[in-house]
Amino acid sequence: MGTPSIMLATHPGAARIAGDRDALVSCIEACMECAQACTACADACLAEDAVSDLVTCIATNLDCATLCRATSQILSRQEGTSAQVVKATIHACLAACTECAEHCEEHGEAMEHCRACAKVCRRCEETCRELLAAIG
Amino acid sequence: MGTPSIMLATHPGAARIAGDRDALVSCIEACMECAQACTACADACLAEDAVSDLVTCIATNLDCATLCRATSQILSRQEGTSAQVVKATIHACLAACTECAEHCEEHGEAMEHCRACAKVCRRCEETCRELLAAIG
Amino acid sequence: MGTPSIMLATHPGAARIAGDRDALVSCIEACMECAQACTACADACLAEDAVSDLVTCIATNLDCATLCRATSQILSRQEGTSAQVVKATIHACLAACTECAEHCEEHGEAMEHCRACAKVCRRCEETCRELLAAIG
Amino acid sequence: MGTPSIMLATHPGAARIAGDRDALVSCIEACMECAQACTACADACLAEDAVSDLVTCIATNLDCATLCRATSQILSRQEGTSAQVVKATIHACLAACTECAEHCEEHGEAMEHCRACAKVCRRCEETCRELLAAIG
């Protein structure tokens, strides 16, 4: 069991968003990973000779990192705002992941860090979608 | 002119969300203020003797701080994800501000920091609503 | 009185770092402003034709934004870790502001957003130094 | 290989802090995990009947989460501020982890989430120390 799973299992309250606990844990982990990948990918793009072609990719990475970071925090709390706020947050995160994946995929053939980042974004997008479905 | 206004005015590109620049600047400033107020209010609640009555207020403050912080970052960038993602982010932020204001208002008579925080949340809620209206 | 000042005045506990309350409030406000300015300056640099000359400036802006954001949160709490941790955080923030100001000043003649950002970084650097002096 | 390791391996530049790449990756991963654990532990403490005994633990968790989150971002970038700023950041993070581990260990017998969080803090503390040693 990873840390997010252990922390959820030892929480004295219930998960604030009813539904599959595995979907919640997977989404937390994917958001953490995606925030890191996007932060690192923006930085790697800055170090490329072709940086001027990567401007939108960098900026999209930064937005996606911001939203994944926020979402991983919100999902790590079981107390707090209503499921409505949590869902709105996941929706914003999902949309950012989709756009970031698309931009990174465009440069994925030439740049390995974009290829790796796109994969992580797609995985995060998927876990967001699954979590929304699990919440209902 | 405050810093967010100067930074927007000196940006070489256009604002990614069309509409009123004043509404954008007001929302950035309100999000910054609200993130700070909620962080400080959660901390002040922790220092109250009646902390066990303030648990939901604290947790809601933390969620609201997280979302206001993320939103102020997203709005401070003119490059990056589409207006769609920006709008989804503002919607999540607005919803968190409404809920946080409601919780803080409940304790506003007894606790000055909750009263002050509620005001800032209501102001942020309003600027989010105005920005969404300006974007269309 | 601004929001950070009101939140500090209405906190039921004492400030965890003894010393001048004005120095604390000024540093919180400067960190908030600097995080915003650096986020916006990185984004404005990305929109410049000469982006490939601004790579270090952008990356430094991003580090400085991260540290100013973290520092404004830590300083907004009066409970929590010891003054030792708070001081170490201010030291890291101060060092980032100095470096970011230097990079932005290099491009300040050609780019107004770098000039504006450098000023905010210098102000933040100064408030960090004053707060460290006030703490002793 | 985990995501931080892949992102580092595919970066076109060198790591800005010379030394062991494994130590860098381990520290990024531990900071990500610790930020999540501390966020979740603060939330779990809020849900405990004995919340009034856990106030310092909660506030320390929040500071530690803030610093681990910032440190994981700084370490995920190879461009940006100097090694001096990176080291100052790791020092602040290390100090927060030590204090947070101590507080969580106090309640570790009674509360499983504090026990789990303390372990993650100790691991993060260790990776910070090892990274500082590797940098020299």
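Going in written order, the chains are labelled A, B, C and D, and every chain counts its residues from 1.
Here is the rule we use: a contact is a pair of C-beta atoms (placed from the backbone, for glycine too) under 8 Å apart; a residue touches a chain by one contact, two chains touch by 3 or more.
Since we're looking at a predicted model, the values are computed, not measured.
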item: Copy pair chain A, chain B: interface residue numbering same or different (half cut); value: same
item: Far-end chain from chain A, centres as C-alpha averages; value: C
item: Chain pair with more C-beta contacts, A-C versus A-D; value: A-D
item: CA centroid of chain A to CA centroid of chain D, Å; value: 19
item: Computed distance of Cα centres, chain C from chain A, in Å; value: 27
item: Per-residue overlap in chain D, given as positions that touch at least 2 other chains; value: 43, 46-47, 55, 58-59, 62, 69, 73, 77, 79-80
item: Topology of the chain contact graph, where touching chains are joined (line, ring, star, complete, other); value: complete
item: Residue numbers on chain C that touch chain A, as the complex places them; value: 42-43, 46-47, 51-52, 55, 58-59, 62
item: Partner chain D, residues of chain C touching it in the complex; value: 55-56, 58-60, 62-64, 66-67, 69-70, 73-74, 77, 79-82, 84-85, 88-89, 91-92, 95-96, 99-100
item: Touch list for chain D against partner chain A, complex; value: 3-4, 6-8, 10-13, 28, 32-33, 36-37, 39-41, 43-44, 46-48, 69, 72-73, 76-80, 111-113, 115-117, 120
